[in-house]
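These are the structures in question, set out in turn.
Same chain, two partners: subunit A is paired with subunit B first, then with subunit C.
Moving on to the complex of A and B:
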């Protein structure tokens, strides 16, 4: 009987789906937004989702969409859970989704093999599989603006520029999951090359909020610098513990997921001096953000708390939307169509060029490093900068630091080869 | 009236001991099977198959597995998620080592690995019971999770730490990987679940199942009557883990396509335990009902505002979902503490005497 009920429900679901597809007019583009406004990581997911939605709504309000096509944005809640993420994917892909921003490494890994089959590209901005930067092996996956490995080399360059790396001891504290362990092969390769010593401090997921023992070890090892690959509750805990053992916070660098307002607000004044990598500008002093405030925030067409506009994760979500919008524009230019498809979007993501001039036109001059996609390079040669917590807000303290592409490139290639090696029928492409 | 068994005379022991002695039940089972095998693939779209039916069947199989251990043999366990993980990782290793062997064989074979691990962690059950046993199975959960993270050999040293399903074919049909059609995967999952449920149903009706129930109801009495607790308890752990392992392997190979250790965390152990408790301890159909309630209902609630044309924020629906499901669980457990299966059998009894209740 339950099965019969379920079938009835399915029939209803199909009716619903049919209605949606007929309601979609000729000139709209459908962009699903996988969000995590609920669950254990909602503190980070909410501003990101808001930034993404607000920019898209701003384009609708100010320009009437992209290239004359109105943007239909549909949020689907994943709670950072990979299974719900796949459910969201299945629920929205039939509506003509152009691109997926899975917003969790777990969901990304599951969507990567589905992308070529359903012909919908995946854009994992600053997370996911580093190896997907190799466009020849991953035609449908994009990791703009740069990958974790590239980020790590930029951080090491920053340390090198601020007192030198050679002969120093670098501590690496990380969340002991796939995400946190990803840069380890890179560090192990670079340590002898650049002449620094490495000390590892893994933090298991269940110990995120209880790191006293780890920081006792840090005190014992006494590294010159600390680098952190943390997430969620791990970040404020680590910074508080670092302050407790009097580790100099201006020698403690977090990656781009360890440096949001949500991470440092609970630490407050005690976290003064802490550094973090970032690739999207901070604050609202950009014309594009002013437009968002004027067209979306002030009319109240948003879920955003006005105080959140311009914070780190909000701006990152907005930057994600900028990349998507620019890729749609590139796809429209390449195909001559207004209502592009997922396959066109892939072309758009490979051909778009977010140059300095284009950033200025968009009202985002100095917001981020220029990115240019290509068939072979799905990483876009973006760069990061370093920001510092002043006790109540983030301040940018460095110029853009380009990654060591000569080191990262071959490693990405090798990782991509390994991924593809046990998949004989994996779809690759040849770039001319 | 609807369930009138009058006139259904049994003329042989075989007929009397049939799995479904009542004609109407037989009819219903065949009807459900027909709908599941023919109707659903014909009318179901990708979303319905991928996100509702396949996970529902997989969780139902895991619930059957846990029900064998908790419902029939009376051994509480919180290690279901990890035992599912053992099956998944075993299947991944097997199919990457022997790529040419049919994946269905590998999935069934991975159940044996899970059964072995389950027996090892079932050993403490010979000395401890109840909540103390929960603690040791919880230890199994954490230990195995640790293995899935730490032993890189299990995921073939993949830098991302995840297992990714390779494409496998049999007789020219793609069975796993992203290119496999939902209908193929659904039919495979359905066939495995139907066959395994049938086997479980008959194990439980037979000598082994009865020895489990004797152990559950009073272990000392059972021992006095000649049931060996060692055999009964360990066989319960083995069969239960076998089912969970197969469910875990199917979860990764026919549903998710890739999995990290989070797919087998303690939350999944709880999820399956809730399915078993809500569906009804000691009932196979309860396992299916519980899985349907916990897995399908939230999806329906999530989709409901869209059907009636109300615009609600996705996050708000999610919050509402938590409240509704929580409330419904409490509601059902208050009106029938023995679960949905018991509710169903009460309903069936009422139907038997309707319209002349006495």
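Moving on to the complex of A and C:
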């Protein structure tokens, strides 16, 4: 009996070894996906993670991966907790991780110093540390397609184009965390320059669903416009409270994390008129989205509810995957390798070109503004557009709005200099 | 001098010059206060019966609300879904008593407290498995709760009363009063107090500890469901809602962990006090002060009444 068991075990071990060698023979690229499908912010984290995973799975199903390399995607649950995010990073970096998409400013801030040490770039797409846009000071961190500061200037331009900014009072309600506080230095600098008065309304994390005091203060201050840097349950609560005090919702603009279907579906008709920034297309009328439906959603190889495909955060997660995939292609082209490394990926992120022609080739014409990877500029200075809630869905109501690069550029440079000033060993680079 | 003026004079000038707004602030504080009292009541019930701070009360709010919304999403009519949600909270109470509490009679309080932490994480995981992590809309209109608002012209200004807030205040008041009568004037209420005083003594006079525990957990479940409906209608129904339960802590410190009237009065003092401070003094400190100011109010009261406003004064003689 023991002899039979030993033979069986040996046979299994040989079979296992054969399978491992087969897997190793195939070129693969390993992309960790830090997700939060649980916890208080899972309402936003889940559709984003689904969009990211579905696009990668579509590339595997339709094209056999990227440039001949099969994508191995591994999700690690962070629950939007910075400590868990770092644990996920440490647990996956040794598997050949190409790039980290932390999906949290808190986690991003933790990973920025680790990236040059482990030579794995961080792509905090539209979030994280705005100063990381300065590529010479942050060779390993990217914020494509734009940064929080750039986004804020685009929002201010929208307000300026719709009634003027000078002499107005702008209210800023924000989640009182690193993420929410990120644009405050910019606002404080721009207020006197552009001639507007600033009123700030911080919302503590545990008060997200208890904002009546904050909106009483808004009523007292009586701002002309409100701008929101919210996330999760803070968003629908704020919009309901704004409607409650009869603040005109067409003068209330959320940033791109405060304008998802998950935010407005609980509000419904009461949120009609509310505005939000966005940089990724809405809906499924894009060939790339149709390919995702055909190759991933319809066969059932997904965690996505079919009704969520095309929603704001789903499409943003998908767009994140598009940038990663394009950077992988650029890295493969630059190095001649199929199975690229994290260091190669950094080169890819500085050289990819998501032009209008390339977007059309990818089946994403009109989905977003073109982005050109660059050594010096790690944010891409991307444009945003404004969308409006019609009571049941989002509608795009503006053209692309470019950021005030002349204003933001020097501030980003100063913030980047400040960041590295007390870090004598910080790795920088010189861009030609 | 300017600072003293901003602290001691200016806020009162603001109040006097905007009486309509002051009324609005007090109304919002009153509504919040009744809801805080309701949340605190869930803690008080279980603390009275077992001497344990029920860490799971927050997640029970989420679980109850998600159950209601989830059942309705399956096509079950709202009122039937409500009845089924009540039944599920009863089932949860019996399960907690049978599976967990029954085996821990007369164990140290800290053991029972740790059990409620375990129960919290179990319900988070179980809830996410069953309902998913997406935020959901409360079925406000389907339950017949009023929406819309009425505007009153007073003191040369306006006061806006949301119908939902009025309903929340009325329902909370009825719930609190009903539970107060039930636990103070009925046989079960007396049994509850006996259990709270001493498990073994209560058992020796024929009180069924298991039955009492199941009843209070069920009552706490009903309170959680009501809180979930009201707060879910003001915001959304998501796992973030469990954080709202933290608002009960300063109320409990102020009102006492064992007093139903304490939960009511404490809730109102905290609700109105934090709103007044946030609106009229918060700007001096950069805003966003109500979260910690609630604890300041509670601590000020504790300086004079360490057992809380209505808590039982414990005198131990050697």
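Everything that follows uses one rule, which is that the second predicted complex is superposed on the first by the 406 of 432 C-alpha atoms of A that agree within 3 Å, B and C clash if a C-alpha of one lies under 4 Å from a C-alpha of the other, contacts with A are read in each partner's own complex, and residues count from 1 in each chain.
Keep in mind that, in the parts below, a contact is a pair of C-beta atoms (placed from the backbone, for glycine too) under 8 Å apart; a residue touches a chain by one contact, two chains touch by 3 or more.
Because the structure is a prediction, the values reported are computed rather than measured.
Colleague: So in the superposed three-chain picture, is A:423 touching just subunit B, just subunit C, both, or none of them (first/second/both/neither)?
Modeller: Touch status of A:423: first partner only.
Colleague: Of the two partner chains, subunit B (first) and subunit C (second), which one does A:176 touch, if any: first, second, both, or neither?
Modeller: both
Colleague: Taking the superposition on A as described, I'd like to know which of subunit B and subunit C A:246 touches: first, second, both or neither.
Modeller: A:246 sits against subunit C, while subunit B stays out of touch.
Colleague: If we overlay the two complexes on their shared chain A, which of subunit B and subunit C does A:86 touch? Say first, second, both or neither.
Modeller: first
Colleague: In the three-chain superposition, say which chain, subunit B or subunit C, touches more residues of subunit A.
Modeller: With both complexes superposed on chain A, more residues of subunit A are touched by B.
Colleague: Which partner chains sit in contact with A:37 here, subunit B, subunit C, both or neither? Use first/second/both/neither.
Modeller: A:37 contacts both subunit B and subunit C.
Colleague: Which partner does A:75 contact after superposing on A: first (subunit B), second (subunit C), both, neither?
Modeller: Only subunit B; A:75 stays clear of subunit C.
Colleague: Considering only the touch criterion stated at the top, classify A:134 as touching first (subunit B), second (subunit C), both, or neither.
Modeller: neither
Colleague: A:288 contacts which: subunit B (first), subunit C (second), both, neither?
Modeller: neither
Colleague: Please identify the positions on subunit A that touch both subunit B and subunit C, taking each partner from its own complex.
Modeller: 37-38, 176
Colleague: Going by the contact rule at the top, pick out the subunit B residues touching subunit A in the complex.
Modeller: 32, 35-36, 39-40, 43-48, 50-53, 55-56, 96, 149, 156, 158-162, 164-167, 177-179, 255-263, 288-289, 292, 296, 299-300, 302-303, 306-307, 313-315, 317-319, 322
Colleague: Note which residues of subunit C are touching subunit A in the complex, please.
Modeller: 18, 21, 24-25, 28, 31-32, 124, 128, 132-138, 149, 160, 162, 231, 234-244, 246-247, 274-275, 278-279, 282-283, 286-288, 290-291
Colleague: Can you list the subunit A residues touching subunit B in their complex?
Modeller: 2-4, 6-7, 9-17, 20, 35, 37-38, 75-77, 79, 82-83, 86-87, 90-91, 93-94, 105-106, 109-110, 112-114, 116-117, 129-131, 176-178, 181-182, 185, 303, 415, 418-419, 422-425
Colleague: Where on subunit A is subunit C touching in the complex?
Modeller: My answer: residues 37-43, 45-46, 176, 200-210, 212-214, 216-217, 219-220, 232-233, 236-237, 240, 244-246, 262, 265-266, 268.
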